[in-house]
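Can you read through this structure? Questions will come right after.
Order as written gives the chain letters A, B, C and D; numbering starts at 1 within each chain.
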Amino acid sequence: MKIYQKILEDVCIIIPHGRLDASNTHYIQKSLSEEAEKEGRVVMDLSSLEFLDSSGLGAIISLLRRVKKNDGDMKLVCPADKIRRVFELTRADRMFDIYDDCEVAAKSFPRGKA
Amino acid sequence: MKIYQKILEDVCIIIPHGRLDASNTHYIQKSLSEEAEKEGRVVMDLSSLEFLDSSGLGAIISLLRRVKKNDGDMKLVCPADKIRRVFELTRADRMFDIYDDCEVAAKSFPRGKA
Amino acid sequence: MVDKLTLGFPAHFKYVRIASVLGVQAAQFIDSESDPEELLEFAHAFELAISEAVTNSVKHQRSLSRSSKIVVEIEISRTEMTVAVMDSNPHFDITQIPAPELDAHPENGYGIYIMRKIMDRVESRRENGWNILIMTKKRPGV
Amino acid sequence: MVDKLTLGFPAHFKYVRIASVLGVQAAQFIDSESDPEELLEFAHAFELAISEAVTNSVKHQRSLSRSSKIVVEIEISRTEMTVAVMDSNPHFDITQIPAPELDAHPENGYGIYIMRKIMDRVESRRENGWNILIMTKKRPGV
């Protein structure tokens, strides 16, 4: 599993590639710098994710909770149908705003935060 | 295995996709129309071939022989490194002109043939 | 006649995907005249269900230090595909597993729930010290 | 400790790629610090060698109508990867197989020649009615 990172202005974009399952959920847990976690503007671009199961989903939910603890949010971008299905089956889709485009997702955060 | 075909002026271009092994060599054998075989200007575009073993190679060699029987030729285009290695290991690379580009390969046939 | 594929491997998380991808490959041998989209969805159902089942086999093994063996059997018949996942973990009975509280969005506990949702049938039984989890789904277009 | 993956399947050409792809996946578990290109080449060597060996097992089985079983075992040790391909075909001895006449460009007969070229070691033996072909290659960066 490769996880690329990109900073778009003040938003941290995480881009996991390949398959996310119990063998590599720890990469997701470590994918956020302390700073980005505090800033709390996170986008996870799922367009390069090829497979997700409930272990991977659990890691994503856990990351969301960490970001929310600091009043931040994590938005999702472009999950393939088979990825989206996992979110829907588990109702985790209700926890996230899901966008078609990274830039739109990045612009969606309220500005002027401390 | 999908094999796409394209006609570029008077040249028949065969484009095998995916994996070519003993399970699907018959597709290669059938990939040439009777007319194209008689015309004898054939290009096999290998850029979409993901895997080739010696069974697949045997089918390609056999196709070359059929085309040559009518004084034609078959050129190869753009094999990936791992495909090229199979040709080199077996010295089959010496039987073929190998090009980087379909159009250049198509233009390489002598014109004015009956 | 039923074709059977058998895969045996050590109970490590890193091998989960090997079993899961085998399921996808097996599903793709189904030369159905059905809609390619349906076939993709069918293949993904097995990819996911096998990943869930095998992850459980690794996660709930007796000792993580001395990893045990997992066996996955895939059978394709004229009408359905069946996957059996076998491990030597402590006995469990899937009929006794409560569904997750979806609206509380827990971080785990989805495995068996998902299998049930995407397969036609999920059963577990105990045989000679092995847990056998059996998942079945009708082939697309049947 | 050596990890072992075992795959069993019916002797049909359509399953050759399942074994071959398993070899690629196994090779990719080698978390070597070596050059990614070297690892790709290593994985491809097994992809190709397994395809050749399993194709032989299917092609030379006793009866094509009642297909027999093939077993592929993959072992990864600290220093090398080993693949054993087992079938119940008539006995053959790879030391007795002549090399192909490359400059005559035959349309078959390359299988064992290729295995020898891309593996470090290829051996065959007979055990309890099984042919066992064993291919070994040193891990990249070892």
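Just so we're on the same page, a contact is a pair of C-beta atoms (placed from the backbone, for glycine too) under 8 Å apart; a residue touches a chain by one contact, two chains touch by 3 or more.
These numbers were taken from a predicted model, which means no experiment stands behind them.
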| item | value |
| --- | --- |
| Separation of chain B from chain A in steps, with touching chains one step apart | 3 |
| Computed distance of Cα centres, chain C from chain A, in Å | 27 |
| Chain centre separation (chain B, chain C; CA means) in Å | 41 |
| In chain C, residues with contacts to at least two other chains | 12, 14, 17 |
| Touching two or more other chains - residue numbers and ranges from chain A | none |
| Chains grouped in pairs wherever the two touch, ordered by label | A-C, B-D, C-D |
| Residues on chain C engaged by chain D in the complex (per definition of touch) | 3-10, 12, 14-15, 17-18, 21-22, 25-26, 29 |
| Residues of chain C touching chain A in the complex | 12-14, 16-17, 20, 40, 44, 47-48, 51-52, 55, 58-59, 100, 102-103, 105-108, 110-111, 113-114, 117-118 |
| Residues of chain B touching chain D in the complex | 19, 21-23, 51, 53-55, 57-59, 61-62, 82, 85-86, 89-92, 94-95 |
